[in-house]
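Below you'll find the structure, written out as structure tokens, and then a few comments.
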Amino acid sequence: MSAREEIFGAVRRSLGVTGQEQPRREAVNERIAKAPRGIVPERGQLSGEALLALFEEQAKATLATIDRVKDRAAVPDAIADFLRRTNLPARLRMGADPRLGEMPWDKTALEVSHGKSDGGDLVAVNHAFAGVAETGTLILTSGPDNPTTLNFLPDYAIVIVDAKDVRGSYEDVWQRIRDRDGKGHMPRTVNWITGPSRSGDIEQKLLLGAHGPRSVHIVLVGE
Amino acid sequence: MTAHPTSPYFKENAHEALKDEQLQMALSNVRQGFIDKRAAVAAKLPEFEALRDSARDIKNHTLANLDLYLEKWENKVHDAGGHVHWARTAEEARQAIVDICRKAGAKTVTKGKSMISEEINLNAAIEAAGMTPVETDLGEYIIQLRNEAPSHIIAPAVHLNATQVESDFRRVHTHLDPNRDLSEPVQLLTEARQVLREKFLAADVGITGANFLIAETGTSVIVTNEGNGDLTQILPKIHIVIASIEKLVPTLDDVSQILRVLARSATGQEMSVYTTFSTGPRRPGDVDGPEEYHVVVLDNGRSAMLGTSFQDMLRCIRCGACMNHCPVYHAVGGHAYGWVYPGPMGAVLSPSLIGVDKAGHLPNASTFCGRCESVCPVRIPLPKMMRHWREQEFERHLTPATVRSGLGVWAFFAKRPTLYRFASNLGMKALAFFGRDKGKFTSLPFAGGWTDYRDFPAPQGGTFQDQWKARKGAKS
Amino acid sequence: MAAPNSSRPPRVALFATCLVDLMRPSIGMATAKLLEDAGCVVEVPSQTCCGQPAFNSGDRDTARALAEQMIAAFEGYDYIVAPSGSCAGQVRKHYPELFKHDPNLARRADALAEKTYELTSFLVDVLGVRKVAASVAGTATYHDSCSGLRELSVKKQPRLLLQSVDGLSLTEMNENEVCCGFGGTFAVKYGEISDSIVTKKAENIEAAEPDMLLAGDLGCLMNMAGKLSRMGSTIEVRHVAEVLAGMTDLPPIGAPSGQEKAR
């Protein structure tokens, strides 16, 4: 018997089941099909400016920094300004996201290159799929538009998120992913990012920038 | 590293640990840091207790239907282009992983933090196959340099101080300037970041654990703060996930429930920095990500726990809260437990996985203070399960003879109230007589475990039942 | 809950616990006084032990035999009250579990469990007592023993009553909810670990600078008293019932019988 069969056999023997029971199968199918929401904290159940304000507050609590701009056209300036304030070179790496493409990078002095990171980039920009106000979490999905390596290799991660994509809870964002990719399907990688990389492994002292970015800067676009 | 459990020598290990001043200093960090942070973050979320119930219920439901969810999950992994390898034992899991690495012609294998990897002693197998495993979690990296086992499931190097880490880095990183300044923890972190960055970029295979496997989508989930797990899995050509069968959860909604209690219980964060959901290999058009995605699913004794009094233990999400709140763990640290899993969760799990004959001390070395259960995010009744182990030991006559006979004598009297009253009254009067001058005993035969360390207060003399009778007699 | 007939005072069976019975009868006397002052008729059925040491050592047969004996002796009363969170917890939380598979006894075990209480929670939660008539001068710190705290939610009750004691002020120590390291046979079987735990506890007690250490469980009190005494501390150790009953003329736990209060 294969290891697979033996493991299933052992699990079923221990549970006292055959695996053929209709009620069990139905219960499992139904749970997966309906994906019932459990308890969703009230904290995030806000809308409009209150929701955005919570997102901002929670993101800051994770030690991320955040700028708010009126519209997409204002993003490059805001980023150029952030880099100046932070004493960083005016050089960015980014993916092929059309929303990034729409932004007037050429109106700034920023030097923009495209593609994944091979570890040589100091600053990268990705566009988030969503933000979650509950914990100030950014949600990014993989693909050529926003390569996953850009979330982790550069020292400074800049993440743009549209105000209209900010939701109260993780569940709200799962629903959007199901709507986009189809129920039961996922992008290769979904990253939840809640603040800059950190470690407490040396004497329980909190240090930023363990392996991932030491800084996460959010640009929240729109109202 | 942890091939041979030293759990049978728990007492000796504990003795060494209690004498180790440096370790005791490090443990006081655990006692202070984790507890306050968890309490603060739990207080900030009114739904926290209800979410713990929810997390418990989700895990219970999944375990009761584990065969079906495993099937669903496996199909989804295949749909996404991933491979599933089933391993009954640690040996089969090591073999499966080494085979994948060999086929890929791997030289360097980076690793995210995984307790299953420790459980199956994976690094030794990778080394034996001529490849270099590199732990990338900072804590795991440090203990790998020291050839030690983790002493805590989420803070592997919690038993060390910065000076020890500095000397390990100087010993191993000989290519760096010997005069460099490493006096600050942040300098140690920066050095590890540099050294490991090269390994990440050079790795041929990346191995991570999984906090969860999601049946709805065939997804594996890792949760880290450093980002090392992500660099481990997105840079090499091949990503291998090693996970045990009880990591299953039904849906994305279910995993979100549990994630809400995981970081809060573990580190006192509202959410860990990186929660990463991986489904299959790189997709057409992708510019990064692994070309192959494998999951090695391990049983190693878990299926045998289903349907027994220990099934509840399979709810464990490895948050570490139980050890963070355990007075015994605070006293002796993780290594004293002698195998991969320390603290209360280890005291229940280790006997299941390596045998109660080897790990029998662990469920006994508890005061049953219940603080572990009171913080466990999935409400595992840890003391009750340690008691189950004690019952099995008692039934199998593994309980030490002195304890057995002591209990026996006491039970003989306790079951005979009249005799008990007579004997106890006399006995306590005698004991009180000997103790009356000092009010205490500084040593007692048969109770050296007590009087070696503290005095034994003398009884007042006579018994309560006797005095009560006298009072009633006087009144009537 | 067995609702006592309101026209007559509740009949309360006092379960002294074997440790109090043997080591410190004055706690039993204090408990009886507090219950009587609160209007209860107190009786003391013939008793030995609730069986917890056997239960926790994995000896279920002995635990069951002792529990049966206890059920038979105590089930005829309105309430069962013990000056111990640990022993009351054994009856309330673990008797039902011991007889889960024995329909006859399960019913009786459940019934007994429902009407069994730790002393201070009985006074406050069941009888509605808010103050006691006692006067004890000094500062006390209260240690929350584990079973009372976590199995029976005993936390506010003893403090509420202690606040009503004339002349007594309360001060909290750090980590007052952390185990003292007693754990029954643990203190002997793993004496060295137990010592490490009780040493930290004693340090926390001393740092709070009280005149008195109080708790609701004699096992824990003996452990802490033994450590404080070995460390040369002069802090008096007493059971909360003794203070609430104003019975502090007896020597504290671990002090010589000739000697009156240290102060």
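The chains carry the letters A, B and C, assigned in the order they are written, with residues numbered from 1 in each.
Just so it is clear, contacts are C-beta pairs under 8 Å (C-beta built on N, C-alpha and C of every residue); 3 or more make two chains touch, one makes a residue touch a chain.
Quick caveat: nothing in here was measured; it's all calculated off a predicted structure.
S.K.: Could you tell me the least number of steps, going only between chains that touch, from chain A to chain C?
M.R.: 2
S.K.: Need the central chain here, defined by C-alpha centroid distance to the all-chain C-alpha centroid.
M.R.: Of all chains shown, the one whose C-alpha centre lies nearest the global C-alpha mean is B.
S.K.: Taking CA centroids for every chain, report which one is farthest away from chain C.
M.R.: A
S.K.: Return the distance between the CA-based centres of chain A and chain C, expressed in whole Å.
M.R.: Here chain A and chain C have centroids separated by 53 Å.
S.K.: CA centre of chain A versus CA centre of chain B: separation in Å?
M.R.: 29
S.K.: So, what's the distance in Å between the C-alpha centres of chain C and chain B?
M.R.: Here chain B and chain C have centroids separated by 33 Å.
S.K.: What are the residues of chain C that contact at least two other chains?
M.R.: Within chain C, no residue touches at least two other chains.
S.K.: List the residues on chain A that touch chain B in their complex, please.
M.R.: Spelled out, the residues of chain A in touch with chain B are 2-4, 6-8, 10-17, 19, 24-25, 27-28, 31-32, 35-39, 41-43, 58, 61-62, 95, 115-119, 135, 137, 142-144, 147-149, 151-153, 169-171, 174, 184-205, 207, 209-213.
S.K.: For the complex, which residues does chain C have touching chain B?
M.R.: For chain C paired with chain B, touching residues are 16, 18, 20-29, 32, 44, 46-49, 51, 53-60, 62, 65-66, 69, 73, 97, 146-147, 150-151, 177-179, 181-198, 200, 222-223, 225-227, 229-230, 250-251, 253-259.
S.K.: Mind pulling up the chain B residues that touch chain C in the complex?
M.R.: 11, 14-15, 18, 327-328, 330-332, 364-371, 373-374, 384, 387, 389-395, 399, 403, 407, 410-411, 413-415, 417-418, 420-421, 424, 427-428, 432, 436-440, 442, 447-450, 452-468, 471
S.K.: Within their complex, state which residues of chain B touch chain A.
M.R.: 26, 29-30, 33, 45-47, 50-51, 54, 58, 61, 64-72, 76, 80, 86-88, 92, 136-139, 142, 155-158, 160-162, 165, 185-186, 188-190, 193, 196-197, 200-201, 215-219, 225-228, 230-231, 234-235, 245, 250-254, 256-257, 259-260, 267, 269-283, 285-289, 297, 299, 303-308
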